[in-house]
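Per-chain numbering from 1; labels A, B and C assigned in written order.
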Amino acid sequence: MNGATTHRSFLVGGMVAFALLALLPLFLSDWIVFLLALALAKGAVVLGVVLLLRGGLISFGHALYFAVGAYTVAFLANRFGVGEALVAVPLAMVISGLLAAALGLLLTRFRGIYFAMLSLALSMIAYTVLIKFYDFSGGTDGLSVRGFSLAGVTPVHSGLVKYYLVLVVTAGVTYIGARFLASPLGYLMQAVRYNEIRIEYLGASASHAILASYIISGAISGIGGALVAYLVGQVSPELAYWVASGDFVFVAVLGGTGSVFAPWIGSVVFELVKNYAVKFSPSTWQLTLGVFLLLVIYFQPQGLWGLLTRRRAKPR
Amino acid sequence: MNILPIILIDGITYASWLFLVSAGITFIFGVLRILNVAHGSLYAIGAYLGATFVLRFAGQNQQSWTTLPLLLLGAIVVGLTLGPLIERLLLRRVYEQDEVVGLLTTFALFLILEDVMRLIWGIEPYMVEGPYRMFGRVHMAGIAFAGYPFVLTIVAILAGLLLWFVLHHTSFGRQVTCVISDREMAGALGINVPRIDLIAFALGTFLAALGGAFTAPLTSVEPGMGVSVIVLAFAVVGIGGLGSIGGAAVGCLIVGLARAAAVQLFPELELVVIYALMVAVLLWRPQGLFGAIELRKI
Amino acid sequence: MTTAMLDVDNVSRAFDMLRAVDDVSLSVADGETVGIIGTNGSGKTTLLNLITGYLQPTSGRILFRGSDITGLPPRRVTTLGVARSFQVPQLYTGLNVLDNVLIAIAAHSGRGADFWTPLHRRDSLVRAEDFLARFGLSDHATAAVRNLPEGARKVLDVVLSVILEPRVLLMDEPTSGVSARDKFSVMDTLMPTLKERRVTTIFVEHDMEIIERYAERAVAFDAGRIIADGPVAGVLGQAEVRRAVLGEG
């Protein structure tokens, strides 16, 4: 497949999806619209996980950046009276990105299970800090996000406005993600998984590639967290908990790592399945998800994206 | 009031509580090379089953000595049934694959077991205070400590000694040590690796369940009790080194004492201190203090 | 006297008791083509590892165009102009041939940190296709490397190092694994290209025919030491070389 056709099919596919999603609120209930917005926002974090998974690195601590983004929005709104999304979301991105840069310097020395454990530990430090330092973070109660405005306007139908904000931001993140995945750095990240020695012997640096990916990954996860803070109107330490990180990895595998669209497909399916599983049987929804994950691992390891593209694959 | 004895005793009892779960995780990782995210759930199931047996069979006399063997029985049943079941059905397929797959498989298992517990035992907490009350209070250095945690400490020490003995003085133990250091070589030497895998996982499961069962009298047995244990265990094995039981013991002591000190001196940092230690050790020595597993060379 | 392109000064490398490379000195001039021969375990690959920085010498120095490169990591050594191909091909096994080549091209043109422009750029694709065609890999362009036959993987490994346009190219058994029929065609494409670009070439080989055909100078290794160094015919004629390397007498 040469670069030009993938680029075109990406643009076409992306625009069709965007148009469809933009029209959906006309046909769906407020609750489903909210769910979709939530799924799209979380999809950014999943993409962050996917960027690293492609290099063979499992981050079991990405909830950290998700939480940092969310709490940034909460602090801005509550302590500084700034509920303006056009200020808060980029700021959340920058703060998460900087944190990722700092922590990335430590993390990029590790691979495999040690990378996973260290990333887990770092996110748990954040969780325990958020729980214990009540005056700072509201403790286990968390904080409610007091205020939301877009370009200075406080909308009446904020749910709908938030949905479109998320949609536009998602489009932006998808675009950046697509360019990254198609770029030399994106391919170097894949190369890290297969042969780090060869990378060094081409005069390139595997650690630099990983660090760059990690920073971008942290930054977009912060964006996801910021958006969720606005959508839900509430932030709590649970956002940084290890189970949240596990869920992000779950969705990453569910969607697949084969395309920039996969994380969002996985995220939407996950939120919908979870929503109906909880409604249908409140005491077995985790079991349903668990079995679902096992089925994906055993029968469709390339995830939903692999399922969608299987028939189009050319024989080799 | 002299806080040193408090820190010491508190630290050691916390360490004992953690040891059983951590020893199980690190042992399983050593043999199977899988980090079992569901290990906390096995701990919880041990607690539920132990509590169930005590409430069923000790009946009226909850403060009798028969409660202790009943708790032990709960753990044994979990180890003998759930352990082999999980290993055979789920984990067996995953050994030769990427680390991600193992991690995700056990994460899925964790999700499943959390709900299985709710389905079987409901959401109301179970209380088995009998054994706790039976041991009353112990006086040391002029301070009154609860007596039951010492029982936990004794169980942990006994389990640790038993494990050590099995590993170093039985032929099974020698085979296990061989599999831990080199799975392929062990197979080539004629060791029945699948059988070792099964027994090792069952043993690890039993240890976690034992930890859970003997914790039941200390706290209320309720949904979600395994979720926080697992990350604490990860911290311990990260510090002590994956695959090393002695490392787990040392890791537990470090974590226990550090936490106890924090509780007395800087209460807000109680849990932070544990994960901060984990980060510090991993940065300094990625394979942990006693880690035997080789890092993937970069 | 002009500075040698590559200078190995009394380099040794010991692993506990074993002296894998024992007080080796070698000087290679600009544009020379040197063949290194010796039995397995005689220190040839270790020497390549030492020169390119994968291993540190326990003593001695290595100079590239007069400057000390001893102990520099492979990444530095490669960007300075010393490239290397491997005995066991080091490739991105999960990616296809074209992508392997494109990554090398991007790395060489300093785009290793580029996260915005596509890897599959028009100009890179043209260069890649040109290389693939030249070395007979065009048919394999979209094949995953892990599905390639051994010989093609070897050639690809060499191609990746050639793409880096090095001043010095070190090759570890470039034709091993390549079928007898293809050996010469690969070398016939490769060596003139290198000569034309004045690339100083040092290659390790077991196939004496290849050495005779393509090398001007031969260096013979035995047990970590150099036992002969000079024009190919002369070296191959020496009794000690015939005994130690070829196993005769």
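Brief remarks follow.
In this text, a residue touches a chain if its C-beta (ideal position, glycine included) is under 8 Å from a C-beta of that chain, and two chains touch if they have at least 3 such contacts.
Just so you know, these numbers come straight off a predicted model, no measurement behind them.
Distance from per-chain Cα centroids to the pooled protein Cα centroid is smallest for A. For chain C, the chain whose average C-alpha position is most distant is B.
Look at where the CA atoms of chain A average out and do the same for chain C: the two points lie 43 Å apart.
Put simply, the C-alpha centre of chain B and that of chain C have 52 angstrom between them. We define each chain's centre as the mean of its Cα atoms; on that basis chain A and chain B are separated by 32 Å. Looking at chain B, one finds that none of its residues touch two or more other chains.
In chain A, there is no position where the chain touches two or more neighbouring chains simultaneously. Those residues of chain A that touch chain B in the complex are listed here as 53, 56, 58, 60, 106, 109-114, 116-118, 120-122, 124-125, 128-129, 131-133, 196, 206, 242-243, 246, 249-250, 253, 283-287, 289-291, 293-294, 297-298, 301. Chain contact summary for the complex, chain B toward chain A: residues 35, 37, 90, 93, 98-101, 103-105, 107-112, 114-116, 118-119, 123, 227, 230-231, 234-235, 238, 242, 268-272, 274-276, 278-279, 282-283, 286-287, 295-296, 298. Those residues of chain A that touch chain C in the complex are listed here as 1-4, 6-7, 179-180, 182-188, 190-191, 193-195, 197-205, 208-209, 212, 216, 316.
Residues 52, 54, 73-75, 78-79, 83-84, 90-95, 99, 102-104, 106-108, 111-121, 125, 142-144, 147, 160-161, 164 of chain C are the ones that touch chain A when the two sit in their complex.
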